[in-house]
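What follows is a set of structures to go through.
What follows is a pair of complexes built around subunit A, which joins subunit B in one and subunit C in the other.
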Partner chain A sequence: MKEELFISGRDIPNIDPFLNIWHWQIPIYLYLGGLAAGILFFAGIFTILGKEKEMSTTVKWAPFLVPGALVIGLLMLFLDLKHQLFFWRLYTTVRFESPMSWGAWVLMFITPLSFIYAATYLKEAVPSWKWKYSILESAERIAIQYRRALAWVLIVLAVILGIYTGILLSAFNARPLWNNSILGPLFLVSGLSTGTAVIMWMTKDHRERKIMSRIDLVLIIIELFFITHMIMGMLAGSSVQIAAAELFLGGQFTVSFWVFVIILGLVFPAVLEILELAGYKIPVAIPALLILFGGLVFRFIMVEAGQITRYLY
Partner chain B sequence: MSEKTKKDFSNHYLNPYFGGVLLGFVLILTFYITGRGLGASGAAKSTVVTTINSVAPGYAKESHYVSQFISDDEHPMNNWLVFEVLGVFAGAFLSGILYGRLKPKVEHSPKITSRKRLIVALIGGALFGFGSQVARGCTSGAALSGMAVLSFGGIITMMGIFGSAFLFSYIFRKNWI
Partner chain C sequence: MAIDTRKCVGCSDCVVACQTENDVPIGFCRDWVTESVHGSYPNVELEIRSERCNHCENAPCVRCCPTGASHIVEGGVVLVTGNKCIGCGACIQSCPYDARYSHPEGYVDKCTFCNHLVSRGGKPACVAVCPTKCMHFGDLDDPNSEVSNALKNRKFKVLAPEAGTNPQIYYLT
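And then the complex of A and B:
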């Protein structure tokens, strides 16, 4: 594609009438970013509440997954770039009006901080662990001393990261499905929910699982409310927004959206969690996997469907 | 409900005749909602077709049988029966939870091993899968849904399936009792 040779506003390959530039890497990145934000958010919250002992998986063990998720997510972003060697240019400027700038800078801070946070619990995870250099030992001591401050920073950054995964899409004003302000909070809540699913799955402590399961239930209800709100908002909009909503209401994404995202990804795991709270025995892997899978499908559908919605017909 | 006060339902099954009536209502509802009958082997067929089409698309195009289920407009998995079977999984799972039967196990006669049961079930399943494609439907698709709309093929399939089941259950009874 030679952008410098465009002579018409219409009929541009891969952009008009349909956007065809974001492929599988973007939804995977949005998913991992949301998941990382979710885990860090709850790790931070329970650190500040002083519940390291009661909520050990949330505070100590699940955050070990975050650096990996963020690094793989960044790799996905990198794979998506067309001019990969110029990625550093994002870091030559700060633009408050650009979600990509927000995202680039948030990731610049949250990724190393997530490594530091996980490293402060490394010795508890691997008792025989010793840092090779004494400077790392003292760095660890300082990091442990300021863990609560770190937790505050991580909570703020996690919320920005979680919202940003939605804003990245909603800032596209040329795509009616994406261009609504509920997408940021929706992706944040969905990311938090996938984070709790991972923690629920990892923990062996029944009380911790129950707490996370309750939190997740609330998040699922909020998420369903946001999705309803998004669709209602679009249906109350102009005809292009109605056309965007109709992709989920009889259009080509109807079955995948309702079956995999709403029913199997949200409602069914919520029912299982309610049954578990009511005392029934349920293997936690099932609701956790369904939530994780539903979140992934949701991002694939939003990225895919958003690209075929448009303002000009 | 706490676990102590909960009744043990794990050996408590629905009356089969009542279950049959309920299944009939499910079938009526299915016709009403989807405009089609129930089925099970169709989902397996869609999965097989999709697998063949992904692994060996050239063969899938040439094969007279497989090619009829492949079109450019629609993915073979985008089929009501596939989603119905997903729903069956979810519903069976819920029922297992509610009646306290949710644990991995292989049900078999005490005289045979789990291994033998699984191998025999696999052979039987493969034969039934083949038969269902020759008969254009299985117990649910051809016999149940077919007979509900008074299809002659459905009645023949029903007689074929249950007639041969009586015959072969005598020959293979030692696997069960």
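And then the complex of A and C:
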């Protein structure tokens, strides 16, 4: 039998014995980014379909959460930087090869646009609201006039943002757990699903809840399908990818992944949604909270487990 | 750079020379010594390697850098511009060799092949100090350079070639 041992005198903080350079800020940011993308995506879709009245929470009220989520997400990104005073360097270059550069620029556009979108419904939310300056009044008129165009732009940016949260990780060839091409779509679907969960939870309209519940059910099924694909792909991959998959199949993340992400975060809420669609009375907070919690745990696990995986030589 | 694993005794002189030459903060290092043991007793084989940034031709750290702080200079050396680096950690994640670290001042730091010495015609500190002369440094494009000659008559390997980075440190085996 052949054995291989590695002995190294190296002990660099956050690098040895396992890479741990990204802490809790990154998964929270990925989560909030996905959530914001999910809400904006459906707000945009139902605006274009002209369903402002029937889907009022989706189109009008849930998007008020988006600017907050994006600003907190950006704050998390900023907190994670080690050379914070130089953060502006992100905006002095456009690097097409770098997913992080893409993400920084998309956030640069989507964050102000999400503020504008929410502002167009501010008067409906707070009837007594008056803008302080007359220029804002006319700006609001223009924004409302072009709301559908804004919705189109937001849909495109939301999809890019949602996929980017996955590609940020999957572009790293050196971390075999992340380095699979399904991670981008998987994070997008997961983000859309957490978005629908928020809308389901917020709405008081029974019909709207039912529609979002159906959409969410489809998203959960797609997500389970993608996760299966991801693990199958890794098991059929090279030795480092097999080792990465084993973190979830008997390794140290097995319990947290299967219990919190798969069962409590996806399968159980899907069952509850099916029961509700079948006519049973189920408090909507339960599936919604489970989906939101499962999505958060999923991102924490992926970020932490991915950093452990590496090339062996 | 070519490193003769049959001559290296793992004394760590290269590590200390680098830390001194480059003012590497205490607790960090830009190069390190790895001992790799193959087989099981009594048929054991030991390989000692002085490792550092591989200055890859297809450097993932340069590709993923969002600000262009990581870059390749003429001659193929991968460098980081400290005041362009935002400390996002993307390059640290992207390196299959874990050759980069976050400097206590915030920016990312790594082996520079002692570019400040080499550009004046000198040798990297680790190469200059090596007591067994197991390291060869030079221009791989020049067929008569020390490093090209070292690679001519010996078998060699690179680390993790499957990572696709085209590393530029060759280990003579």
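Just so it is clear, the second predicted complex is superposed on the first by the 296 of 313 C-alpha atoms of A that agree within 3 Å, B and C clash if a C-alpha of one lies under 4 Å from a C-alpha of the other, contacts with A are read in each partner's own complex, and residues count from 1 in each chain.
Definition applied: contacts are C-beta pairs under 8 Å (C-beta built on N, C-alpha and C of every residue); 3 or more make two chains touch, one makes a residue touch a chain.
Bear in mind the structure is a predicted one, so any value in this text is a computation, not a measurement.
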Of the two partner chains, subunit B (first) and subunit C (second), which one does A:311 touch, if any: first, second, both, or neither? second
Which partner does A:281 contact after superposing on A: first (subunit B), second (subunit C), both, neither? first
Just checking: does A:133 make contact with subunit B only, subunit C only, both, or neither of them? Give me first, second, both or neither. neither
Classify the contacts of A:95 with the two partner chains as first (subunit B alone), second (subunit C alone), both, or neither. second
Please determine whether it is subunit B or subunit C that touches the greater number of subunit A residues. C
Who does A:82 touch here: subunit B (first), subunit C (second), both, or neither? second
For subunit B, which residues count as touching subunit A in their complex? 1-3, 6, 78, 83, 86, 90, 93-94, 97-98, 100, 102
State the interface residues of subunit A toward subunit C in the complex, per the touch definition above. 1-16, 19, 21-22, 80-87, 89-90, 92-93, 95, 97-101, 104, 171-175, 238, 307, 310-313
Listed in rising order, the residues of subunit C that touch subunit A in the complex are 12, 15, 27-29, 32-40, 60, 63-69, 83-90, 92-98, 101-102, 105-108, 159-160, 162-165
Given the complex, residues on subunit A that touch subunit B span 255, 259, 264, 268, 271-272, 275, 278-283, 286
